[in-house]
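In the two assemblies presented below, subunit A is common to both, partnered first by subunit B and then by subunit C.
Right after this comes the complex of A and B.
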């Protein structure tokens, strides 16, 4: 039943994507651990961590594509869910440091000792337990999205207004997390992690395991998203994207469908953040910056909105390009490139890489057939 | 000097002080000169006090010389070296041809310096310039030096200038508050004088009332303190309101262009903040040009910068509209992304051209400084920005209501297709509207260059606030934008003292998020079918 939910309607693109993710998840850690350093097939730990980061972004982009590409909700605050998941993971990792911190306090993280706090605030309770922390990774972004969506969708805030208030949401969180009094490390955030589940975060094997885990989560996220959009519920969601009022008049509770998709998407973003933090080694309020969330939107747009695979692809491609750009002499021009990318994609490639490639492919395959007039999704 | 002689001398001083001033003066001044000759720090300090109280005509010159180490004494003679190297007799003030024999410079220590400070304050009380007298009275007011009382009283008796007299009376009151042996009635009257003054300093002075004061005095003091505190709290609220209006006018300037473009075209222009930034950089360039070519025009630099910024930002705005946004009508979310991309490009372009650091934009003389209005401290630049925001607002209102272009713009806002059917060239109106909105943003940049750092990130820091203003105020209504900007500005500043700057801002963001739930189209929404599309 569940497998039918996940695998029914899976198209060839989906299978290719899953196979690719599985192959990467298996081969890259092996190439890192088993292939000796001198070999051309060896993947360095740094490279693996870097690609692990890209794959976390891919999961984030996937979650955004679920709401934007299929439900027409342009969230400019998805970075907030990502960062909240990251903070939940970061809090677990901080508690694992124990007495190995600079101040050697067995309970309080260093920054709390530094601020002269006497005891752990209540919202840090339980984070020494991994299952609890993982629950929070899902629950905190999910709950925030649920409450936010509950209000916003019920009062039918749509379009740019919704985008603006999601941006306000992440901006408010950015300001809040910058405060030292919040108890999340203020400006510096959480860092200097030691262990995860008893394994050193720095160890090569842990890194490889985290990488493999990221691939597993990306594949699961894809399967869930795919399952949702190809289910009957997904059809309604797509209908909402294309004609919200009409769907409402047909008798569907539009706000509930939206709320469901939005919450699931936020949980996925939270998982992406949780995987991101141990691989990058730090989480700070900068992740809440509205600019980050908007950048996520462009990954989806570049890859192809409403394709899921495209979103993941876009995240990897754009971030890979960013690394290439910013590490060389071209560094000052990265913002130019990113800006041009925004404009170019919206103007000339509204369907993204994947959509454009597909259209081109279809045209080549049956050049005689007239292209079916497909109505553009309304905003 | 034996003790007996000293005592006699002291007695002489007291007698002299009690005697008629005209007689007292020569004698007491003599006493001071004698003490200057004693070559002991305590005598010198005492001599300074005596000299002041004697009201010797040369007292000012002598004490100034002493302060600079130019006072010479020895063998009964007291002379002063003038600043240009000559010498004069301290007693008579006559110039001497050469340095008197057997003299040496009078030495100073901190005690003497303190006496000199107090003396200079007291001497100022009889300065011919009323402003100087007021300043001296202020100094005495703060010092509350009981020894200055006789001079002060003499000065009050001779004072003819009302303002100076009030300052002197306040200084006298301040001294009476701490002078426990003064007549009780005078001290109660002093409390009254301070209550009338009613500022932070008066409050501090009243609180300095010694604990052993009589119950009646204490009661009067407590009443005066609570009255002053109430008044100060009111002024503080007024000050916060002023800050709020100032912030509101900044928000209005930043957001009003956005309101126009969003209202007419439904386009969220993420590059709006960069238009503000371009305006600020235009100001910088104009000022640089004026500095190098015509420095005498510097005070007029903003007058040149305004049209330049309007044209630069407006032209860039029209270019963006024609080049990009035109192709994205009906897809507001895509427009949002494309304009975000443009904002990145503009930021980076400015960073490449002008460097990533802050640029210095000078303030013309009429915009620098501050003045006090009652208990409010008002800086000129903030005042001018409020005035400027009001002017821009009125001008835009006039354009929208009175010109043909405004009429067409409003028509397009309300029903684009119907407007097109009536023969309005909507494309041209779009371009002009965008140019106008961007140009106004450029004007905002000129104003903001006066109060904010001119850096490539200038626009980024305003864009979210501007959105909040527009979304809160509602689309297509300038009055909504005005009310929204002022409300947010004032609310922000009134929250700040209680919640802190950051929490206050967060509270406002949360408020707006909740507000949008209640009124998804803002405070003043356009009614009718058109907006549903």
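Right after this comes the complex of A and C.
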């Protein structure tokens, strides 16, 4: 049943995407580990980690597209779920440091020793176990999304109001995680990681494995999201996006459907965050910054809202452009460029890169075809 | 005239008594009483703003009445339920402004309406059984949209959307259908076909039809209720009602 759920209705675009992710996940680590450094086919560890970061963002964008593109919930706080997943992974990595910290305390991370704490706070318990930490990577963002969505969707908060409270959510977490007494390392966050599952996080092989794992998770996230949106539940969710109250009059409990996709999406964002942290080597409260969540919305809009593949593509393209931009003399102007890009896409390419390319392709193939209906206006 | 008959509650499918609702002080419905028997088809007429659509809003849970009783099947208090719960009890609705899912195909619109369990898990793992597919095909045939099944509903004309919505009602298979202005925007030929279709549906469903088109109402040949300023002005066969002095006054006085 599961494989039928995941693979039925898979379209050509989906297969191309999966094949691409699989190829990258296989070839990039090989090119890093096996191809000698002088060869033009060698991929440096730094480049691999950089692209690993892009792919984490792609998974985050995918999760946002699931709620925004298909259910019409414009979350401006998805970065919070990403960051919480990242913190859960960061806590595991901190516990792995053991007595190798500056203060040599076998149990307490350095920042707790520095704060004169005598014992580990209860919410750090269990994080020395990898399976437990991975469970928390899913459970913490999932639970937060569930509780938040339970109240928001039941009281029928929609549109701009919902967007504003999601933004407030991530902002509140930003402020909370900045506080030293919260026990998450304050503004320095969690860093100086040593190993993961016994392997050094700095080692080239570990980096390659993390990169491959990111590809696996991106592909899995895509399969799950694709399975959801092409099921009948996906049709209900699109119906909610386009005519919410009509869906209610058909007997669907709109709040529960929204809650389902929102929670699944938050878990997915959490996984993206967990893969991000060991590859960039740090997690700090900055990840909760409202601007991060807004940037994610831009990736999805640029790539093509409501297409899944487009969202992932948008994340990679925009972040690659950001790296190009911010490493040169144009660096101070990146935010302006991003703003201009967003305005341009909204005005001239409302379906994003992927939607526009597809429309162009279809027009060339069968010029006489009926024009498709206009896309729903963005909220 | 509006006082309910003793025993009307238990013998009726839908029972409204003394229902009032006001919007910002404006009384849209005032002391409305109405009973619909199981299997009955009822036509509701009345000038613009008489409260016909608002009455449907109250029955389907969109609007909460300020006072009054709204009972379904003799025992269920509709004023305590939300839209989804009321729909699942078996009350289906076609809206005055046709409302279909523009980005779904016509077939998917019917599929979404098709009677089934509406839970998250059941819809996630849904597989259309062959009997259900046949039902969808039948309905597409009945509403004459079978050849357009793959088209997006947003591309349909106003009249076709009306029919698609009637098809969705059929797919829901409710006990009671509330049909708000089904003939609006239709040609005379389409209007006549719609009347035939509704009469067909009324053979095994209870139906409330709101319509301005008197030819259409005459075609249905059922008991008529005239609403005016939020309450019942007259009730009876069309000929009798249209001979009623006050009804004539209300319609001509505008």
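One rule holds for everything that comes next: the second predicted complex is superposed on the first by the 373 of 379 C-alpha atoms of A that agree within 3 Å, B and C clash if a C-alpha of one lies under 4 Å from a C-alpha of the other, contacts with A are read in each partner's own complex, and residues count from 1 in each chain.
Quick note on the criterion: contacts are C-beta pairs under 8 Å (C-beta built on N, C-alpha and C of every residue); 3 or more make two chains touch, one makes a residue touch a chain.
Bear in mind that the values here come from a model prediction, so they are computed numbers and not experimental data.
With both structures placed on the common chain, the touch criterion links A:251 to subunit C but leaves subunit B unconnected. More residues of subunit A lie in touch with B than with the remaining chain of the pair subunit B and subunit C. Of the two partner chains, neither subunit B nor subunit C is touched by A:210. Look at A:66: by the touch rule set out above, it reaches neither subunit B nor subunit C. By the touch criterion defined above, A:333 reaches subunit B but does not reach subunit C.
After overlaying the two complexes on the shared chain, residue contacts for A:157 are found with subunit B alone; subunit C is out of touch. By the touch criterion defined above, A:238 lies against subunit C but remains apart from subunit B after alignment on the C-alpha atoms of chain A. In the superposition on chain A, A:311 contacts neither subunit B nor subunit C.
Against subunit B, the residues of subunit A that register as touching in their complex are 74, 148, 151-152, 154-161, 163-165, 167-169, 171-172, 175-176, 178-179, 290-291, 294, 297-298, 301, 332-333, 335-336, 338-343, 345-347, 350, 379.
Across the interface of their complex, subunit A is touched by residues 60, 62, 82-84, 87-88, 92-93, 95, 99-104, 108, 111-113, 118-120, 123-126, 151-152, 154-155, 168, 172 of subunit C.
Those residues of subunit B lying in contact with subunit A across their complex are 266, 268, 270, 324, 327-328, 330-338, 340-349, 351-352, 460, 464, 467-468, 471, 502-503, 505-506, 509-510, 512-514, 516-518, 520-521. Here subunit A touches subunit C in the complex through residues 1, 5, 228, 231-233, 235-236, 238-239, 242-243, 245-254, 256-257, 260, 370, 372-373, 376, going by the rule given at the top.
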